[in-house]
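You will see chain A twice below: alongside chain B first, and alongside chain C after that.
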Partner chain A sequence: MTDRPVLRVENLTTRFETDHGAVTAVDSVSFEVAPGETLGLVGESGSGKSVTAMSVLGLVPKPGRIVDGTIELNGTSLLKLSPEELRRRRGTECGMVFQNPMTALNPSFSVGWQMREAITAHGASGDVDARIHRALADVGMPDPDRQAASFPHQMSGGMRQRVVIAMGMINDPQLLIADEPTTALDVTIQAQVLNLMKRLTRDHGTALLLITHNMGVVANMCDRVAVMYAGEIVEEAPVDELFANSRHPYTRGLLRSIPNPDRPREKTPTLPGAPPNMAQLPAGCRFRPRCVFADARCGARPDLLTVGARHKARCWKTQAGEPLTETDRMTETLDAG
Partner chain B sequence: MPDDRTAPLLQVENLKRQFQVRQRGSRESQLLRAVDGVSLHLEAGESLGVVGESGCGKSTLARLIVGLLKPTEGRILIDGQDIWTPGAAGRDRRRKFQMVFQNPAGSMNPRRTVGASVAEPLTAKGVPNASEAVERMLELVGLDPSMASRKPHQLSGGQQQRASIARALIADPAIVVHDESIASLDISLQAQILNLLLDLQKDLGTSYIFISHDLAAVQAISHRVVVMYLGEVVEASDSTTFAQRPLHPYSLALRSATLLPDPVHERGRGDTLLRGDVPSPINPPSGCRFHTRCPLAKDLCLQQKPALRDAGSGHLVACHYAGDTTRPLEMSEEVV
Partner chain C sequence: MLRMIGMRLLGMILVLLAVSALVFALGALIPGDLTSVIVGQEGATEEQFAEVRRKLGLDKPLFLQYFYWLLNVLQGDFGTSPITGRTVTADLLQQIPVSLELALLTLVVSTLIGLPAGVVAAVHANKRLDVLIRMSLLFTFSVPIFVIGILLLLVGSRWAPDLFRVSYTRWVDDPVMHIRSMAMPLLTIAFPITAMTMQMTRSSVLEVLHNPYIVTARAVGVREKRIQYLHALRNALPPIVTFIGFQLGILLGGLIVIEQIFSLPGLGRGMLEAINTRDYPMVTATTLVFAAAFVFINALVDMLYPLLDPRQRGR
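Then we have the complex of A and B:
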């Protein structure tokens, strides 16, 4: 195999025509996922991270529509394929795991029936039962044959998500797309499910596009991270670089606004304000209204440019080589009571 | 009326709440002990955090404390007096509580203005003109007073939650119970709300009970932390001591399962994982309820329920082995 990326997205633009005007949920987004790599797509609600994933999967809900860009899966442009062909490729080369296992699974059919469907819909070969057994055993299900006969509601949330992961991996795809796979789970179960995904993608050499808002999940899982804000990627870097040396004020603010469990009753620095209304985006840099570093330059819209080794940021200040010096007004402390 | 000045603001004594539940297709109903003998206390102007996984009974506890549910057993005392005393006396005591829910949109009437919703606790008390108080409260929680004339759907999630907090505080309650009140907000807004709650407490002296599955958020706001498992308190401590040295194996597991925004730390993470899921509260395990998932469990834990004991300076723990320095707490490694 070559070093060709499993997934290449270029200038992806996805727009929703609404009563309140057009909303460009994803605006000229470009990124690549290398074979076996885990890329985190991070952002808050409304940042466009889920719509990006939906666009790649060809599942953008109406009235949304991909209006521009290229999406290549293993070198084949998905946007040029017929719906039939797209469905086939999606099922065999790309698996998916969604946040809510209860909606991903059909409540009226047994788990085994649904897994059989996922295999046979894409041209089964060999012993399907054995594959189901192996897939369920692979995700740590005790007594796989008994579990295959049970229904989703008979399982706990953690077990259901294991089934969804088994289904996502069943055709041994080169790419797995997971949208907030552990957000609905308790923390102790979250750790188990993430470990499982890490082991499976490593053993099968599967690339993972992980969509999450949780910086702890990013730190635990990802090789590389792309941070989204208001429909754009604002920063992209290897995971260590991003956490140690973030070069976009939004990323920096987001990382600092996570409470430190070792320091009770201490104020957490915050990002002021809230993400913009996507139908009324601010002119220039979209983060400007919340940015403590904003100056006159930010009236023009910055591009996503290289600011270091494998590190890109959409910020005039860092692109000019100026440091993001921490300001005191971002931090306040309260007496421990 | 007697006023016991030595009593804490809130005293919860051996609180129990059971539900009759019936499995689908089954005729027999079973007893679900959602809250099973919880005792705790809260001093004026302080915050008590309650943490635990889904199914541990924390939301039932919240509803019991504010008087939305009646306990099966046990007492809830405010200033030393029972909130379920029959008649007006009990009702007045229950009015000293307010609650902030997880879903701010669902907890406000979509057809009424935000101002009318925020004014509700005052209107219920028969205060005729609340508009001035509403404006003052909105400003206090960081909202523009003009928001009063809007409908809830015209506000963002963060603004809605600020309005819910304004509503909870407007009638000057003694205690506000937060049930996962920041869980549905984005991270940058969670920190804003946590800071707002700290500021408001300093200014108004309100006491909080802060219920959450998120240990870091609970510690960020609480003076004292209570850890619940299957309807019971397994550990209670002041939050500084708890942050430095949690004692119960379940607390340690919760802490070690919390992912930190630090890739270096995360790479070095040992597999300190709990086995399996929370068991059903309908048939909780014998002895120590945590023994089915506990890496330290011995025969004693299967047979004998550990009492909630003082492990030193008010740090309470319900474990036969916690704090035993001859048996250091090392979680066994487990690969999933």
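Then we have the complex of A and C:
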């Protein structure tokens, strides 16, 4: 029981059938989240990290469709379930926190009413009001009963995100998926909300799948990290290992582009180029057009293979044991950036 | 809230005052006047005309005439019809309930059918069910109501004459006959109104369904039907209610046609007859009642807004 992952995703492939052809937003993605663990899913916008998260609960927006793979939540294969069976697991086994608290709550209903929906949708009886009170107090809302009676528009963004988190946690799920939970918040509020999520998941033993593009958030929150690029996971490692010893050029670039207060802003290196058009992916390694290390091997598509202890990377060079240390070429791009 | 209602009421009174002046002025501007109706077109002497005019107060300045008329109207006295010899108020009290009943029934029926149909169409947007619902309702919407009415009358009275060949009966006289006499007019006018309500509901719900809070509701496991008919529809309501209020205006116009086709002794028919017979007091009275109804509906919709949208309530 303890060894079984809360969430196991294998070969997940989610495709959008658009007028301009099929776009495979998530391509054969596999990962696991252990009980109580926090896994960071990192990448630029359009890398497929949000679609991956939405795929887990079967909430991929149309015209998107999961075309292949397995998703196991607490040992149950979700893709084989009927819509009703899947609905009963939403909120109870897996909660979700969304990016924008300003639009994630229904403007026509009070906060308490919406939390009550989250409880009664699963047939719960008993003292629902007490549970709402406790959940709101748990996310640090002063005067929970008064807050329950207010409408979302009467609250600040930070308060609303606390409500969204309280709603996600109210049925005490084993897994919480948070999709860029602090991106839309003021910087001063971001740390508060992150600490709140850290405390809640620790106290309840909840596993957390944290989707973010912010490496600072990853360092602060996560046990392990999976980096996504162009619909694929390109590197996966424990957080310390990833920061100390990243084995994929893309991760290197991401880590180097974290703004540093000791360095003028314009000297912050950026990754040259842009992510590929998902409808016309380059052959071979998808990062090749932007990679300073690219060579002849990269014309073939690399797999995600073990390159160290609990460390996987999708790069021919590191898989061959070669170090990513062509510092002169890196410096060149650094200056250009 | 109270302040808002007070402001609305004041606005309503001002608008009605302006409408009454306009209605009165229109009556005065039309060539010919009440005297010609009373005295007759030919064979009357100038003296007779002047006599009648003086009796009716038509020799006084227009604004004074309006003032006296308004004073009487405020006391519920719209004058006496020169055609029927009855007081206009007595006629109105007979006609208004008939039209009001038809309008309210239409509103209830069209909303009860139009709202759910609109939600279903929005949920199945651009799939077969949506196209089917929209096609059928678009058809009824495109055909003018007098065509629908006459067709129903023609077909209905042939297939089920007992059901449809009924003249208007008051509820107090015979409830069953009353229902039978109202069924066809209701059916006729409910078609296009339902189609419009459904169309408006569809587009409004469709827009709301794209909102992130709908995904939130799904993510916490709320049942899909509950999301559609409660979470989504509740947010889609404000524009729908505004539109239904606006439709009532169209409905008032429709009453004139419907009551004519089905010989219902309502306000619309009364107005049309009054126009045909140059029954000036009756024309101004019916016009004023229609205008008042319109103003009232609009004010009502405005006052419903804070109820529908919490964001418009005072803190």
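Note that the second predicted complex is superposed on the first by the 325 of 337 C-alpha atoms of A that agree within 3 Å, B and C clash if a C-alpha of one lies under 4 Å from a C-alpha of the other, contacts with A are read in each partner's own complex, and residues count from 1 in each chain.
Methods note: contacts are C-beta pairs under 8 Å (C-beta built on N, C-alpha and C of every residue); 3 or more make two chains touch, one makes a residue touch a chain.
Being a predicted model, the structure only gives us computed values, none of them experimental.
Touch criterion met: A:N260 reaches chain B, while chain C stays clear of it.
Shared-chain residue A:H122: touches chain C; no touch with chain B. When the two structures are aligned on the shared chain, A:S82 is found in touch with neither chain B nor chain C. Touch criterion not met for A:T325: it reaches neither chain B nor chain C. Which of chain B and chain C touches more residues of chain A: that partner is B. In the superposition on chain A, contact is made by A:V164 with chain C only, not with chain B.
Of the two partner chains placed by superposition, A:Q280 touches none, neither chain B nor chain C. Taken in their complex, chain B has these residues touching chain A: 46, 53-54, 156-159, 186-192, 194-195, 198, 202, 213-217, 219-223, 239-240, 242-244, 253-255, 257-266, 269, 271, 273-274, 277-278, 335-336.
Those residues of chain A whose C-beta lies close enough to touch chain B in the complex are 44-45, 140, 156-159, 186-192, 194-196, 199, 213-220, 222, 239-240, 243, 253-255, 257-272, 274-275, 332, 334, 336-337.
Put simply, chain C touches chain A in their complex at residues 211-213, 215-224, 226, 231, 234-235, 308-311, 315. Every residue of chain A that touches chain C in the complex is listed here, in rising order: 57, 59, 61, 83, 87-92, 95-96, 98, 100, 103-110, 114, 117-118, 121-122, 151, 153-154, 164, 167-168, 170-171.
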